[in-house]
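Same chain, two partners: chain A is paired with chain B first, then with chain C.
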Partner chain A sequence: MLSQSNTKKSLLREVWKKKYAYLFMLPTIILIGIFSYYPAFSAFYHSFFQWNGYTPGVYIGWENYKTMVQDPVLIKSISNMIILLIWGGILAVTMPLFTAEMIFWLKSKKTGDIFRFLFVAPVVIPSVVGWLVWRFFYDPTIGLFNTILGWLGLPPQTWLGDPNIALYCLMFLGFPWVNGVSMLIYLAGLQNIPSEIFDSVIVDGANRFTRFFKIDVPLIMGQIKLLIILAVIGSIQGFTLQLIMTNGGPGYATMVPALWMYLNGVAFQKMGYACAIGVSLFIVIFLLTYINTKYIRSGTEYEGS
Partner chain B sequence: MKVLKEGESEMKDKAKILVIVVLAILAVLTFYPFVIMLFISFKDISQFDHARFTLTFPLHWENYPIAWKQMSRYILNSIYISTGTVIGVLICGTLTAYALARFNFPGKMFFYYAIISLMMIPGILTLIPSFVLVWYLGLINTRWGLWLPYIAGGQIFVIFVLRTFFASIPEDLFESARIDGASELQSFWHIALPLSEHMVATLAVLNILGTWNDIIWPLLVITRDELRTITIGLLAFQSMYVTQWGILFAGYVIAALPLLIAFMFTSRLFIEGLTSGAIKM
Partner chain C sequence: MLKKCLVILFAVSLVFSVSLAYAAKVTIRFDPWAYRPGVPPQNLKMMNVIVEEYEKLHPDVKIELVGTGAYGGQDYVTWIQTRLLTKDAPEVFWLNFDQGWELYNRGWFTDWTPYLGKPNPYVPGNKRWADIFYPYTFKEVRAPDGKIYDIAADAVGTTIVYNKDIFKRVGVGVPTTWGKFMDTLAKIKASGIIPFGNTTFAPCCPGYHWVIQRIQGGLIPKDLVQQLDIDKSGRVDMRELSKAVVEGVFRADLPFFKESWRLMKEFSKFWPPGFTGQLDLRQLFLTEKIAMYHAGSWDIPVIRDDPNRKFAWGTMYYPVITKQDSPLGQNKLIIEFGMWGGLQWYIPSYLPKEIKDIAADFCMYVSAPQNLERLILEYGGDIPNVKGVKAPEGLETIRNPKGVTDPLHGMVLFTSEFMDRYNREANNFITDKIPFDEFISRMQKLFEDTAKALIRDHPEWGIKLQ
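Let's turn to the complex of A and B:
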């Protein structure tokens, strides 16, 4: 008894001695408690409730999850999400890497810096501005694409209004898809490759393409992995593009689970069901991140300064 | 340096020109939506009907004051929101990162994991319950409804990056300060912060960019026009001036400008920040 209270006392004394540490962390702890942990637990808890957000809600067990399995919109939206996710992954490793390679090849600091600046600048323009311009391009009566089709003597399309091509229109948006931030990350990776490695290959007489696949790609595997996983997580979570361009339509042609969650929660007041979708998306993202960090290791990661 | 020269001589001029041409084409394709946006912003209705995608004269500058009248308020709101957020994020983030890096105290690892594991919680999980929470707290249609959740979420990454950085500062520096009688807050302010200036600035830029571009959360929290931020303001503006294309696109241009101008002056900081240290796996 005595020793227990003694250790308790010494713990308290230790805590008191280090009061600054707790004081420094206090704002963070309060904020994450209220605005991060509480909503996260609330999401899990309310996923078992029929809940409109205003009244306490009714416990319904696994009912929301059972509804999900039979929800035709959700099932359609998952297939859309998978298409967008694969597309996002492909885009993450093609155009930005291609552009970074070219800027890296230039070896000219001045020209390289100009292009680097040009490709990064659009990052600071709110994406909604670009989307609204693209929505105008897709406009069936006055848009750019139908104007071009008109010049070529081809029949006009309804683009975002056509359920058969709306999803592809969203995928084409942003062409040529040179993401400035990803490009920068690749470029930094390439610039960090020690020059001795290039030296040895030049001696071996490897050409540029062999060099790209034999040296560059393995040595920037870390960046490639990071950008793929970020693109995949982004495609699972993101729905702003769909919300602004099509609201998931026409019909449910461009619906994604995250947008369906948003609409259920905000438009239909089915907060419990929305929470169940949110929890499921969280589990998918969590597993993907876990698998990525645990099992997918790049073959030859460069270790050193 | 030696290799750089070898590479240069090795690359034939033809290949070099080809690479520059391809890069230039990509840059043009990346920018043409914004160029067309600029062209249309100077058009009146008849110019829009006759030559939609080219530059037409005279330029109708008068589209801009009309758009500015509406958009300026949204820009000001976005400045309030992102400035408030970044200040909060930096205060909370640096203090906590400092405590976790430089102190030993009971429960340190618990707090560390409790904070860092939030990086694994995606916004999508908490979106709906956060909205209900903010509504319960009476923060709908207030700036606090944006500030508080933004600060709570934004500080995590700052803590993650700065904790490692603060921990790498040699202990001797703090030891000698302590001998000179500096308090913890003073060592934090006079040693840790100045040494990490560059990193803090980069994190601030990234945070501002995130807040400035956010759409979903302001869409949920703000419905009163006088509080709208630039992104959702632009959506409202879009429905106000629908079919008045010149004014509408002038509004788009105005929305694109503030951060673009800031970027012109801080591109080095921004580019170096993204490519060094902060973002690594």
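Let's turn to the complex of A and C:
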């Protein structure tokens, strides 16, 4: 008890000692509180209300959450989200890592720099522009893909207009799926591995695959974890792709929970229900992030005895 | 010396600021919507001219043209609601009347009725401003509480535009009945051309309700319309439809409703591949990929003035559904014409009376026939609602006194959530994702859910839920 009180006192003393630093941080803390924490708490609070976002709401308890469980569109959108989540996770740990490995092991540093620039340069183009180009590719009447199918003597497809394949068309979008920033993060991870480890691997006679799985992957597990978390968050929160390309259609074929939340909140003025969906998405993201950080272990983390 | 200078400086600045305050003009922010000057491709100028003229007449008033430039859509509705909530909306703002119906019970809008009873000083001999408008204008925009929150100085409509050269090549004429229309579509399709452009995810407007309302308007029995249209306004508003749904008068399994979707599905064979996705129909038409499409009146000046168009084009009426085409055919010419134009004016309710009076005065000035005609003819895509104002050329098939509008307006007058779900379920049915009976049962549930929600939100309607 005495020790706890001493610790508290020393903490307060430390804070008081650095009071000017805390004073300078205060505006930032206040702004974060207003613009980041307040909306989040407000969403949680309003998830228990029937609220249109503009006029005072009516308290309805857990009703919005009960509606969620029975909402067939939300249920359908969750299955779409799971598919996109798995796909996003696979993409996060494959194509950018594969590209980073190839660039890292190039013999010429200059060539490596050129490739690194070429992969990262498209990042400066807004993703919406890329999506609009892809929408042209998928256009059933004048699009690129149907033109190619025509050359090959194959029947045209309706792509985004076909409820059976629209979701897969969205997944294919962005091929070959090398995200420049992810690739840079992996590359930085590989460059951080001490060269002595690679030398010893060569001396031991391990082949490239053994080196990749036994050395590279465990030692860049921190980066892999980070990119998986980002992919999970992106897949759960993201809806702009669906909004621009398909508006969640045809029917509800490409609907995702975040887009359904947006439509309910903004288009249908059911802000209370949208808040309930948002809070649920937060809980899912939080749990998945926790599982990821807790159970996927990084090769550079060591347990004390 | 320095002290003296400071005193003089203070006195001069005091006099200057007081005189500035006295000279300050009242600023009225006005959203010109589709009539915004300088926006490509039309680069309109007339609204600026009208504003300058008004400011000359009223040197104490400044008219500032404002707005988002986002023509319609949810982003605009969100923007204007936020502005209204923070009491910072333009003094005269644009909103479709049916969008206004979803919001009027929040008390944000001014009722125009007192102003409509006053004379318009810019129209010689006018005793009531309301008299310069066609009476149907107020019938249509009147909110379910009986008040008029929207002055609609113009209207829009839709029509079929067709490629005359393709019709000539294929050897077909303009069809007048549904059966002949289907034959024409089949012949065009056989020639390798996509006959008709339709889409459910257009950049501007959902395509389904335009088409289905023509079909439903041609099938709905007269006695049912009389039963639904309680206030005899010529169209069924959200209050009337909600009442009919909860009382079981209007159901998705009514024969006319089911027949309309049977015809719709038959029609869909002639639409472009991928019609359930997003298609730019005007572009497909201008590049001769489709032989015809269902165009808005605002498309007409763009098609007419397109420098790259290499074919002759025309507009045609929607074909009439006769008894031979369907046992429920009513043999009626259905036109699509409604108060969704670029000149719709709302005034926020929170403004002081003096500002409201000035805002209303400017609207009176713009609506005067000599001013409105200049705006309407320059833009070319809207139809005037003021008597004696010439309509632009090319819109003849949109406004025809012999035609009747669909009283249900394709259900667009319900809610935006209803329309979203309606279109998606229609997509599911037309693309064979769900069978017909399932579609009808989902539609019925949608009608019931929407009607009950609306009745709960509008206790002032006095409709009881059982």
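The rule is simple: the second predicted complex is superposed on the first by the 270 of 305 C-alpha atoms of A that agree within 3 Å, B and C clash if a C-alpha of one lies under 4 Å from a C-alpha of the other, contacts with A are read in each partner's own complex, and residues count from 1 in each chain.
Rule of thumb we're sticking to: a residue touches a chain if its C-beta (ideal position, glycine included) is under 8 Å from a C-beta of that chain, and two chains touch if they have at least 3 such contacts.
Since this is a predicted model, take the numbers as computed values, not measurements.
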Exercise. Does chain B (first) or chain C (second) touch A:Trp151, or do both, or does neither?
Worked result: neither
Exercise. Should A:Asp199 be classified as contacting the first partner (chain B), the second (chain C), both, or neither?
Worked result: first
Exercise. Where does A:Trp159 make contact in the superposed view: on chain B (first), on chain C (second), on both, or on neither?
Worked result: second
For this session: For A:Tyr252, decide between first (touching chain B), second (touching chain C), both and neither.
Result: second
Problem set entry | Partner, of chain C and chain B, that touches more residues belonging to chain A | B
Exercise. Taking the superposition as given, does A:Val120 touch the first partner, chain B, the second, chain C, both, or neither?
Worked result: first
Exercise. Thinking of the overlay built on chain A, is A:Phe209 touched by chain B (first), by chain C (second), by both, or by neither?
Worked result: neither
Exercise. In the superposed arrangement, which partner chain does A:Trp16 touch: chain B (first), chain C (second), both, or neither?
Worked result: neither
Exercise. Between chain B (first) and chain C (second), which does A:Val266 come into contact with in this model arrangement: first, second, both, or neither?
Worked result: both
Problem set entry | Doubly contacted chain A residues - partners chain C and chain B | 53, 142, 266
Seminar exercise, completed: So, in the complex, the side of chain C touching chain A is made of residues 74, 78, 81, 85, 102, 106, 194, 200-201, 272-279, 284, 287, 289, 415-417, 420, 424-425, 427-428, 431, 433
Seminar exercise, completed: Given the complex, residues on chain A that touch chain C span 53-55, 135, 138-142, 156, 158-163, 166, 245-252, 263, 266-270
Seminar exercise, completed: Listed in rising order, chain B residues that touch chain A in their complex are 2-4, 6-8, 10-11, 16, 19-20, 22-23, 26-27, 29-31, 33-34, 36-37, 52-53, 91-93, 95-96, 98-100, 103-106, 108, 111, 114-115, 118, 120-133, 135, 148-149, 151-153, 155-156, 159, 184-185, 188, 209, 212-213, 215-216, 220, 230-231, 234-235, 238, 252, 255-256, 259-260, 262-263, 267, 270-271, 274-276, 279-281
Exercise. Which of the residues in chain A come into contact with chain B in the complex?
Worked result: 11, 14-15, 18, 20-22, 24-25, 27-29, 31-32, 34-36, 38-40, 42-43, 46, 53, 95, 99, 102-103, 105-108, 111, 115-130, 132-134, 137, 142, 144, 147, 175-176, 178, 181, 184-185, 187-188, 191, 195, 198-199, 202, 222-223, 225-226, 233, 236-237, 239-240, 243-244, 258, 261-262, 265-266, 271, 274-275, 278-279, 281-282, 285-286, 289
